[in-house]
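Below you'll find a set of structures to go through.
Both complexes shown next keep chain A, but they swap its partner, so chain B is in the first and chain C is in the second.
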Partner chain A sequence: MRLRPAIASLVAALALAGCATTPPEALRGTGDLGVVIERAAGRVQIVEHSTNSSLATVPGLGDLSHAHVTFSRDGRFAYVFGRDGGLTKVDLLARRIDKRIIQAGNSIGGSISQDGRLIVAQNYEPGGIKAFDADTLELLSEVPAEYAPGKFSKVVGLADVSGQRFVYALFEAGEIWVTDFTNPRRPTTTRYPAGKQPYDGLVTPDGRYFLAGLFGEDGISLLDLWQPERGATKILAGYGRGEQKLPVFKMPHLRGWSLAGGQAWLPAIGRHEVLVADARSWQETARVAVKGQPVFVMARPDGRQVWVNFAFPDNEWVQVIDTVEKRVVHTFSPGKAVLHMEFEPRGEEVWLSSRDSNRVSVVNTATFATRSELPADAPSGIFFTARGQRIGF
Partner chain B sequence: MDRSLLIHVAVLLGLTALAVSTTQAAEPAPARQKELVHMVRQDCGSCHGMRLAGGLGPALLPERLADWPDDSLVATIIHGRPGTAMPGWQRFMNEAEAGWIVARLKQGFPELD
Partner chain C sequence: MRLRPAIASLVAALALAGCATTPPEALRGTGDLGVVIERAAGRVQIVEHSTNSSLATVPGLGDLSHAHVTFSRDGRFAYVFGRDGGLTKVDLLARRIDKRIIQAGNSIGGSISQDGRLIVAQNYEPGGIKAFDADTLELLSEVPAEYAPGKFSKVVGLADVSGQRFVYALFEAGEIWVTDFTNPRRPTTTRYPAGKQPYDGLVTPDGRYFLAGLFGEDGISLLDLWQPERGATKILAGYGRGEQKLPVFKMPHLRGWSLAGGQAWLPAIGRHEVLVADARSWQETARVAVKGQPVFVMARPDGRQVWVNFAFPDNEWVQVIDTVEKRVVHTFSPGKAVLHMEFEPRGEEVWLSSRDSNRVSVVNTATFATRSELPADAPSGIFFTARGQRIGF
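So, the complex of A and B:
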């Protein structure tokens, strides 16, 4: 009871202390923040995963189909890449757009440099990558994906690695390129033949290996970034065993935390299987039959489980694979058209977006019980600030 | 007299029924149209972009499609293009529905509601 007036006078004192200081109740960290993309509405929700709530909505981000997000290392800014070439820097604390540019005609994502100073966007149209100053979004340089005179390729799978380098694959060219932005205005690029129609890429958590999934042939192209002069090699070649491919109604995404228990877990193309390879020898060790064409194959941060969602028409399902038993241990439907999953950084809960059910579900990964449901307008990607501390995100 | 009148009426009714059923084949029912719009914007959109301005697959906007014959576009949608990332959709729609989609794509595709 006696506390009340004390608090009241404290509040008054703080108010008097002036508008220049942030009110103490607004002070918060950013380690538990994230954004949920509201695809059709061109908005993002700012969310937090300590108590699973939505904090604010930020509109005006353009066409967010296939949107991707990367974070500043202090976890304050989310850089949102829109399909329409929009690059928007969202201030997660002030809960508003800080800067926004249109940087290309058709973009699918981007990443932040090792030193946090460069934002690099990967574009379909015009095909290539562009580097921006992370503070001002000023364009610093660009690398057109011109693989033969007058021929430009779509760029996929862009990942940041050490030494201010970015690795990416060229769909039409069938190559992996490594661009070094040590001098951000004069980047240098090295090219490596990779295989037919690479559709996405990922870098291992230590940043050593870049893997490009191939659509045009059975196999995955692997580049060892510690010894890039050895060139890209093919792993899991011929995994389709010459059998007729099933139709692929949505391209898988490799970007995920798909290294678990010393094994890499990867979506097959045109087969309802998850492929498992030893992450040292890169030999196939197993394959796990699943419900449909896998899209995301993501390991829980501790690596004990791998969660899988699927392409149309099986996209209401999610399956969980136990990585020791290498079999599906749980199958459920959190809603219609499950587009994305994001684990909380320690992995006790996972957030799943159901586009056609207009909600995000938060599921306990030990019990599989739904812990919270948040309404969202046709949600797609979910991205937490913990990505800002990781290589390749 | 009565008889011939009846036959006339029956024939007329039959003809209108036929006309109705053929326009129905070309024009899916409203609820189905809604499903098709949703499918094109969302599921075709995963490759062609939700605004159909292109992605891994080319843009499906009127100015780009204008010169393509309808039946070749319908065949692409139904059977896909082997050797490319364009899959065939015959499990999910018939040719008349694909024809309706092609006609709408050429006019400017309806928005989601």
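So, the complex of A and C:
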């Protein structure tokens, strides 16, 4: 069969048009991708950090006023947890929402299992955790945070650890729970007393220790996940608001904690200080004076620097601490209301979101020069796909 | 304009056919990709570790009898360094060679700069390092290992560290060199005396310390890259072949060294032992008896386990050490002549190559069950794209 020229041209044009529905980035790696939360607009920007550009905007993600993101093991999908209980799977290559569900009334985040097959959300209301199939977002099981008959707790500090386990703290219960999803439809949970009102938690980079900050008393609750039968112990008894109950403008994020050079770097609560503690003995070894009440205290991936942002009214500032000299070596303002920082995986640059300046700045960590500025609508969290290759994110 | 149904069908068929020229994996993430070296055939297999399958075979890579692979920051490209001085850039998504050059007469590997823009090869003959544009493979500069007028040394142990620097050891010169490629066409090099005949090296996961094993004397040469002006110091003076000069069937790979739980796990030289040293004081703290002369001693990413393979005649065996109990907890044979191991990024499975059984085995690290076996032609090295997100690979 032969086509007349006009129809042949049409065929060719349609063939091209058909291909053009394949996104422009069909053939591209995902190791340098990430998302920036535009909190007020309920959107995410898809960005890349090889040349520092924005690739696309994906709307329709609901209330992102407190959002967290975790990534699939292949780096293609971002799972965005919204404040309103929305769980949205964003396809970073097709640049669109792949699936979206409302999984709870009020959520503060979630994580992905070691094997990448389960997404687990941590919820305030109703309090508990839920496990979803990472591919379909089908609900597989849930663990209500019912710590006494009819009493439910908010869940905080959820982190994935090895063996398909998730560890998290229960604010009202004063407990740390470890849930094993080896059988994803029949999870098993072990409970450990943890102190008064744990308000956030993190795992160390090796996934061994879970640390929960306490709101109701000073000190930190530590559980050794390699020897959990020993139970949680209290460390850094002087860490907290103290007996005078200092005014605290914003409780620091424990996820910001850093381990660098065998030392843990912690945001002091209510004080203009960063605390340094030996990561073996958990004894305090130093304090570094900083410009305000620290919120995030984050180590550059090599641990040579620790970057600090602050609560209001000092939240336009960022300081950099040299971890060998244990002193501030750089102070600058990338913009107004600096909410979050994310290092590129090997640490040569860091991305900072300035909510009230509507921009994201990319700063060279060796020279402190601003390399790029990207416009963004009230940006908050920044998350790169390299998190999908690590434990505890 | 309306098309008759037959033509409309044809248009649709052609549109699909046009799109089908896009490779089958056009839309896929790269975070779970890797390559397996088929050493005798000069080929690599492209594999993925989400479902443990082989995706494609790419031939034409020359002599791969001692091959090393490093990855682009976006995870799309593998740079394969062959024994014959070949440097091949493989496109993991298009599944073909993107570029290939012969850059030296005899090479043992290379690495990628912190920002991902430079590929640096380490060469035996002619001894030295060369820097190439990661995109085009254009030669940008070279640093001959001429340690005295007219005298050239083999280069070993090359590792990338922060600040566009590369650190490496010179066997005949007995020196460690640090070359800064901030200006890639005008690198600057600093030299440090390091002891007799350094034969391999590695950097710690944070990129701070470079350690070089010594062939000509016992002990290890250590350079603190955060304070290089202090020079290299000798640690673990008892580490080596000893005064009796034990027979050594294969010098262990230092890249296999592991830091886990604040301890360094090292292959003893000529002895059926794995040594444990405190990673702060560098004092030996324990020895674990194993089945043969260890070659690779590799920590699972969380550090809870250390996996060991062996030199001939024990090279069909693999042992697993529990790092808390400091004892062997599992011994098995995945096949004959086990040459290499690579953990999936979060450690739930490990891939092992058995050269003389022509297969790669994927083993669950919690249960030790074999999850998959993939046929491969005399496989040696296995490398996953997650290396591109880390320092020192």
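Here, the second predicted complex is superposed on the first by the 359 of 393 C-alpha atoms of A that agree within 3 Å, B and C clash if a C-alpha of one lies under 4 Å from a C-alpha of the other, contacts with A are read in each partner's own complex, and residues count from 1 in each chain.
Simple rule for what comes next: contacts are C-beta pairs under 8 Å (C-beta built on N, C-alpha and C of every residue); 3 or more make two chains touch, one makes a residue touch a chain.
Given the structure is predicted, the values throughout are model-derived calculations rather than measurements.
Within the superposed three-chain model, A:Gly82 lies out of touch with both chain B and chain C [touch as defined at top]. In the overlay built on the shared chain, the residue A:Arg355 is in contact with chain B alone; chain C does not reach it.
In the superposition on chain A, A:Ala386 makes contact with chain C only, while chain B stays out of contact range.
By the touch criterion defined above, A:Gly201 lies against neither chain B nor chain C after alignment on the C-alpha atoms of chain A. Of the two partner chains placed by superposition, only chain B is touched by A:Tyr124; chain C is not. Applying the stated contact rule after C-alpha superposition, one finds that A:Gly109 touches neither chain B nor chain C.
Within the superposed three-chain arrangement, the count of touched residues of chain A is higher for C, of the candidates chain B and chain C. When both complexes are overlaid on chain A, the residue A:Gly163 reaches chain C alone and has no touch with chain B.
Of the two partner chains, chain C is the only one touched by A:Ser72; chain B is not.
Judged by the document's definition of touching, no chain A residue lies at the interface with chain B and also at the interface with chain C. Those residues of chain A lying in contact with chain B across their complex are 39-40, 63, 65-66, 83-84, 105-106, 108, 124-125, 154, 171, 197, 199, 215, 247-251, 312-313, 337, 355-356.
Contact residues on chain B toward chain A in their complex (touch as defined above): 42-43, 45-47, 49-51, 53-56, 80, 85, 87-88, 91-92, 112.
On chain C, the positions that touch chain A within their shared complex are 1, 3, 6-7, 10-11, 14-19, 22-23, 26-33, 48-50, 71-77, 92-94, 114-116, 161-163, 206-208, 226-227, 260-262, 280, 301-304, 324, 345-348, 366, 385-386, 388-391.
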